[in-house]
Amino acid sequence: MATQHSRTSARIMVAPAVFVLLVWMLVPLCMTLYFSFADYRPLRATFDAWIGFDNYVSFLTSDSFLSSVGVTLQMVAGILCITIGGGVVLALLLDQPMFGQGIVRILVIAPFFVMPTVSALVWKNMFFNVDNGLFSYLWRFFGAQPYDFLSQAPLFSIIVIVAWQWLPFATLILLTAVQSLSSEQLEAAEMDGAPPLSRFWHIILPHLSRAITVVILIQTIFLLSIFAEIFVTTNGAFGTRTLTYLVYQRVLESQNIGLGSAGGIVAVILANVVAIFLMRIVGKNLDN
Amino acid sequence: MGRITLDRVQKKFGDVEVIPPLDLIIEDGEFVVFVGPSGCGKSTLLRLIAGLEDVSGGEIRIDGRPATDLPPAKRGLAMVFQSYALYPHMSVRKNIAFPLKMAGMAQDEQDRRIAKAATALNLTDYLDRRPGQLSGGQRQRVAIGRAIVREPAAFLFDEPLSNLDAALRVGMRMEISELHKTLATTMIYVTHDQVEAMTMADKIVVLRAGHVEQVGSPLELYKTPRNTFVAGFIGSPKMNLLTGAAAAAHGAATIGIRPEHLDVVDSGGTFTGRVGVAEHLGSDTFFHVHVPEMAEPMTVRAGGEVGLTHGDTIHLTPRAAHIHRFDAQGLRIA
Amino acid sequence: MARAISTPKKIMWTALAWGVGLLIFFPILWTFLTSFKTEATAISDPPVWFLFDWTTENYSDVLARSNYPLALMNSIIIAVGSTLLGIVIAVPAAWAMAFVPGKRTKDVLMWMLSTKMLPAVGVLYPLVLIAKYLNVYDSRIMLIVVLMLINLPIIVWMLYTYFREIPGEILEAARMDGASLGKEIIYVLTPMALPGIASTILLNIILAWNEAFWTILLTTVDAAPLTKFIASFSAPEGLFYAKLSAASIMAIAPIIVMGWFSQKQLVRGLTFGAVK
């Protein structure tokens, strides 16, 4: 199938996609890189094209950077724990024989399709609100003092919101993986007298390990750049300022472009560390 | 018209030379079969002729016109693929019409040709079905139908019957042979089925690692194989190739005796051995015989029923006129 | 798993699964119910469930008062536009990589994937700057292009995995039958890949519809889609639950419906074929 003619056409046909992505990747990134070495604060009309690594030094040594990294890690880890743990349980549950499986599946998956701003606002107002939220009502019903989630436990609240959105994703992927496990394998284990728990531990979990890895990596990539949920709930206050949010604030709110750009480059580098692992897995899959 | 000439045609994939420079002439109207072991380059050669692959060197001419740089569509050849390669989203009619539509043929001429092909191939009742609703044999016929409506200069078949079951294969084999007789168009046919090659071909091309080992009519190859490779490859069951003292006795490095040219005798005989396996087919009996001085068991074909079984002693005598002699290089000694 | 299962057991699983399913779905259900209440019922203590005077007033209010219709229009144009633009660029590329793979095809695919992993915030300011410089800040065209670019790797990958499942021999047959490259793509590849292309379009409309970084930061009013519109939905607290719910339901309903159709493709598309 590969003649010179078709190879030439192939090159021409890939070219537009490669070109636009190359421009998309290089032009803004180079600009960020350029700004990251400049002292550029438009509000104060300061522009000094080259100040060396000052921005990086002040960004990396600032308390807000360290705390933002801490917040980011806590947030990502919390969400991953909930979605993976919950996802495995839900996937196994949905794989059981039941009536109306299709409908239950739809119910479980739905949150993934809710736009981030909607889910954040719905949770913020209708569930977490101290005065009128459902949780407050529930607390009062049991005679407890209503709890102001978003100011008392803001990080936890955001974790709940985002985990609710991503749980369906983990469930769906793990369910696909569970269903690809041959029932013969399980039946053989059952014949060998393995009790359910050890069947789960020795057969199901190893089978899921690959899917779990993929879920972890993909979610991490997306979760590292969570924005809207923080934007509409706490606006970065009360210890919910992630690295992404910190950079956003430096760039657009305080208009310290140089510092923000340095932060942006740091974020790019950190994301790439995760990306490399994901690419390995995907790449391996491409070969067979 | 469909005379195809290959002149020093060569194919490399990267650094690997799959087909070293090769010359071959396929005459107009001939039925040529390419045979050879798996991976020897049969499909590659066919695809070079089709234009689905570029040659790395040499020239291909179709009816005297250089075709080396023509795209597949312009070569006037039709191909039938092993997987049939029918368009699953089109009805049988549309499948067959596709090449005509691509050629921009008038609708009534298209209809006429489709009707003719459908009648010839017994497809008239299925014209409005999708390929997915057809049996393997019917799909095969659609693929052939799609090829014949164009009235191409030559047909190329790449193992077209290998996906069919045994019974159907015999039937389709006949149909393709008959089609060749009626159309009298050049056909190039790739297979590794012995029987297909022997029964269908006007000319067989035996390939090994991209080399042409021998070209000739089926009987020529059967009677006078040029070397031990062809001798071992053509004929079923395989020819017995003997070396050592038995060969030296005939003044050769290797001698070849076909299983059907060994007679079972009651006593004496040139070879005496023990029956390993006896395959009773009714019409014939095949014996695999362990002869003490030979490394490999010999195969013997005896007509009808012969009452020997595992462990029995057997005496064999070759027919002198049918002993093939080869020298140390494996080449035939005339 | 084709094995006999006792009915009591099945009923037990059914109850459990439905319970969990409804719990997860509850926020959406509650939003849906609230959207039909009056603002007063929406915050009543104790909450009312189904027995209230159902009203569609909130929907008409939202549609009439705010610039909701504009935001809806923007969402549709941006999501559909960016997806179609992406498809137009991605189909030829995916065709080429699936059917004429070269030595570097794999690298190109992996590289495309890596662009997807670029954190948006790393290029935030340059984009704002470029948008303002080109005078396309707060314009639909800017968002169409940006969302196309961030989803292009997913589109290419999805199409690539679908195309790879089409046997190359069929395309070769088309070539033998005299089809030019264009005709081969139009008459043979595209119809065969149609289900794959359709689900790619579906999933990408969903992703673009829900994108909430660039849509919020590159717009103010004119091009603001629903994500931005909802984000700025902040009337006096407590008195807007019903309207917030109505606006939310309208924003998510079409996408949830599309999402249900694309569950299977979702897995393939978002894992880049690593899980099938």
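Here the chain labels run A, B and C in written order, and each chain numbers its own residues starting at 1.
Basically, contacts are C-beta pairs under 8 Å (C-beta built on N, C-alpha and C of every residue); 3 or more make two chains touch, one makes a residue touch a chain.
The model shown is predicted, which means the values in this text are computed figures rather than measured ones.
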More C-beta contacts across B-C or across A-C? A-C
Core chain by centroid distance, with centroids computed from Cα atoms only: C
Mean-CA-position distance for chain B and chain A (Å): 58
Take the average of all CA coordinates in chain B, do the same for chain C, and state the distance between these two points in whole angstrom. 54
Approximate Å spacing (C-alpha centroids) for the pair chain A, chain C: 16
If a residue has to touch 2 or more other chains to count, which residues of chain B qualify? 52, 71
Check each residue of chain C and list the ones that touch at least two other chains. 172
Multi-chain touching residues of chain A, meaning two or more other chains, are 1-2
Write out the stretch or stretches of chain C touching chain B in their complex. 167, 169-170, 172-180, 183, 187-188, 191-192, 194
Once bound in the complex, which stretches of chain A touch chain C? 1-2, 6-7, 9-11, 13-14, 16-18, 20-21, 24-25, 27-29, 31-32, 35, 90, 93-94, 96-101, 103-119, 121-123, 125-127, 129, 131-132, 134, 137, 140-141, 164, 167-169, 172-173, 176-177, 180, 183, 210-211, 214, 218, 221, 224-225, 227-228, 231-232, 244, 247-248, 251-252, 257, 260-261, 263-265, 267-268, 271-272, 274-275, 278-279, 281-283, 285-287
For the complex, which residues does chain C have touching chain A? 1-3, 5, 9-11, 13-14, 16-18, 20-22, 24-25, 27-28, 30-31, 34, 43, 45-47, 89-90, 92-93, 95-97, 99-100, 102, 106, 108-130, 149, 152-153, 156, 168, 171-172, 181, 206, 209-210, 212-213, 216-217, 226-228, 230-231, 233, 237-238, 241, 244-245, 248, 251-252, 255-256, 258-260, 263, 266-267, 270-276
So in the complex, which bits of chain A are touching chain B? 1-5
In their complex, what parts of chain B are in touch with chain A? 51-54, 71
